[in-house]
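As written, the chains take the letters A, B and C, and residue 1 is the first residue of each chain.
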């Protein structure tokens, strides 16, 4: 498997891949450009290449700059492990650990922390090409990008390793691009996992993107792309999925776990689809549509808004009150259909005190269609989850065993603000549970006994 | 990674893979058959092999004929780029382009154009085996099949490179087969991307199949297969997905973009499932059920019927009037549930003039269940999308910015023809929007203010 | 592609991979552990490795024991073929078969049959590690695990090769683990395909798991995992998917075919999601929730309960009567929304005779929400499917051609038992079709003509 266009980083003539994989990759890319110069040789001429990372630890001290199409960077292992659990384990206990770092084909991102203004400089992989055509079919497959450490953010809310700040990004695509693929990858301890501007026909599929500030950010504008079948979970300051000025985005079949300021945050997104996902979060605002979000569908998703069970993160949240809504929607002609939306909170944690929590909150807009959603709301009344400070991975099971301590919680299942009109709410709450101007919006209550 | 059963096409003893990859692959397959002769040697004996295509341009002048199970043909890059944009760019501008052809591990299909009657002869890969058992577990993975050019079709509607005609097919499976996989591939500029007869337990997953006449055609009959998580878009003459006499097909989590005469076209298909997809098209008839299509489910999909924004294709369409329906259904006991169906047209483009466009059209059949669909219909009244002749990739964003020019459009959300009876329509349109014989079909109007 | 951490089993210094791949792999794992000793060398040190199986037949006489993270075991072909059809073909016909065994990168599991109590000893791959952290990111990719034969179970219901018993398991994970991946694999003729205890962030994606006793069993407890996009079908004694004490499991976009005692069986599972699947089975009890199953969503699935068409299996079933329900649910606050549920039976086969078959059966629980389900029920009245003894692969098509012989069948679409209260049933059956205490549960009938 070592044809002319196959490069094993451990066998390249220039540089030391263990000391600086970035310099090695840039040297390889330069070689490809020297060898592939003719754009129309016999109906071909620039097929691209594979850069292969065998399993190993590769320090990245120089940013990789990609400006050629058809480049596939691939490893043999996504290598995720929880650095979050590790960094919240006392040093002396770590001595007995089998291993303490992620693995697989692993990039150790050792770039200086970038400021927000210069965040591109903190990216391990930076894609930029001017001119025509748009850069196409770059593929990232089955390796690990590890940001190594988070750093103190000055807030004292939690330890430096829990801040989700380090100015590092895994993959940063600045130029408009076509038919990129990111598959089977692991991302961990990066402030930004993936940042892509101007995406078309992008596929982000079957990755593991967790313990990152934000996981996926699609910025600028974009169209006709898919984020499917990923395991993801952002930090409390960031987004698991963010999209801006997008049309035709498909977000499906993902399992998105806490924390995430939002699981999905759309700004001016239209004709996009959120379906078949499982969302789990610790705060209100799991899904937010802001700006002009129109003609989107949210159907057949499972939302579970839980409470924070883990001691190191108890002081952190996304700042939203319980009146904000699990779903907070501004925009027109969106559909919210056949979703299961569940909330379990500790009664004393509701803020401000006395608030009736809101589940679906339509802030503004016309023509939204909210139909056949099942809302389940519970208060944990007495029993604390045992072991809740031992990490979230057993919390679900504890919750199951403790479920006798749950009591139904009164909520507003749907709140339509005065600014919003001509919306339709069907079978998504009883007369008492739905708050809206029934002269301006259509309503049918879920029948009750 | 070069065991006994691993063949790198660039290292094979016979033929020149760059001049005729087909002859090389046929020679390799002959070698596998010579080496693997015993069908029961120590409970094994015919494990198959890998044929690997490193990244590169491989001309195919001889059809590859596959008649052994467990053959995996794999490359290292799907290599898609838009040939459509390139062929509609003036020659002199191309001089500055970085590259003008697709890439990755790329097959250049250089077969003579096949007539419709002999279309199999135009296939790059042709699978046929008589006798028992059915040929099993052939896998195609992560390479590009490029038909290179379309040819003049005599209609003068558009240039020769825009006709979607060239008599070429990517993969053509004629014999009944089991457990085939097509994954991570790119298909471009083929009249037929994939044609498969008599499929069982087929998986077409995570591919990029675009700018092909038709993308996927499942013919003859078939069962228990899946078309999932693909990016696709056919030409205006063909189908993105076509299935015939099929049972148990799952079409899910695909992002299917224009054009496509239909996005999904079923003929005598039963007990199949279309869910979690995003569909975008430029004509009525996005989804068509013809013949006896029964017991199928269409749920939680997003349909968007747009208008053609691209100058080179303005003269082309699929010939359907706006009374045809975005969904056109003949058959019994189908479900159409919880879909978001959106239409944006220019008012002057509606044909015949004065037609009230139809969204869901039940032509014939009994027992169909149409429930909780959200229909959004808009007319673009004044402002043209800027840059609409620059290709569709920015059209979505322009639409977003121009959305103030949209006005609600009167449509028939559901039309049940007289031939159809005992159907049920719930919450899929107001009294005025649903046209049917209410004495023969059950109805509940979506409540209005 | 043969870096320091890449092991080709055919090139390893110790053992014969064709005689005992297990001994070879254990030797390789021992070598990795000798070479990778430092858990904090320069922020790394234990990246793991790839063990590669080229296409070939590898007998496994010794269990592989995995206790290191970041191990990727990968082949080049899932190699499935139907052993079930082959073992039900007369010996003399087999002489002309092209091949009679599965292929690809194939493990022939040649371990002694394990008793139920010691089932772990019958596993080809056994994962166990004590201490901290949990073992992470082991990946299994694109090879075949073949149990070779089933054995007589003493019941005489069917031949020994049809019993689904042999005490063999493909992959058995005993220890709590994180971020494992099983992708592109084939499993065949194993009593248990995959058994995993204490899963977290597990991905079982795009596999072929068929003709196994049970396909996937998630035991003990687990969370935040996904079973997506697989082709699967268990034997009549087992489960296609089983989960126990789980939270946050996503089962989506699978095509699950017969038989399977159940397609999905949950015990004490909560906040999990079953969506976008196609289920096909031959018995009642396709989906079973037992114990305390709460807060789960079943939405946008297609269920088809068929009858057994294949002679060798006619004497076998899962023992459930037609009053059991296609879906049998115990638990609270679950959602059953927008599903298509279809049943076709032979009228004479209904048991006990005269039973009105039940579709959705809520045995106990409160707060379940059953909304907008389309139930289709048919009796095959006269014509037998032709060729129904020739294997199920043509049965679907025959059913299509024979569909004129179908007549509507009277069923109870929803049955809520007396023990269950405060449930809501909307648009899931007419007044006559829904049986429940309407003073204790809320109801709205599907409108009829």
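By our rule, a residue touches a chain if its C-beta (ideal position, glycine included) is under 8 Å from a C-beta of that chain, and two chains touch if they have at least 3 such contacts.
Quick caveat, the model's predicted, so the values are computed rather than measured.
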> So what angle, to the nearest 5 degrees, turns chain A so that its CA atoms land on those of chain B?
Replying inline: 120
> At the chain A/chain C interface, shared numbers over all numbers used: above half (same) or below half (different)?
Replying inline: different
>> What's the distance between the Cα centroids of chain A and chain C, rounded to whole Å?
In response: 29
> Which residue numbers or ranges of chain B touch two or more of the other chains?
Replying inline: 1-2, 6, 206, 229, 252-253, 275-276, 299-300, 337-338, 372
>> Please output the residues of chain A touching chain C within their complex, sorted ascending.
In response: 1-2, 6, 8, 10, 52, 54-57, 59, 76-82, 85-86, 89, 93, 96-106, 108, 148, 184, 186, 206, 208, 210, 229, 231, 252-255, 257, 275-278, 280, 299-302, 304, 337-340, 342, 372, 374, 376, 393-397, 399-400, 403, 427, 446-449
> Mind pulling up the chain A residues that touch chain B in the complex?
Replying inline: 1-6, 39-40, 42-50, 68-70, 72, 74, 129, 131-137, 139, 176, 178-179, 181, 183, 200-201, 203, 205-206, 221-226, 228-229, 245-250, 252-253, 268, 270-273, 275-276, 292, 294-297, 299-300, 333, 335, 337-338, 367, 369, 371-372, 422, 424, 426, 439-444
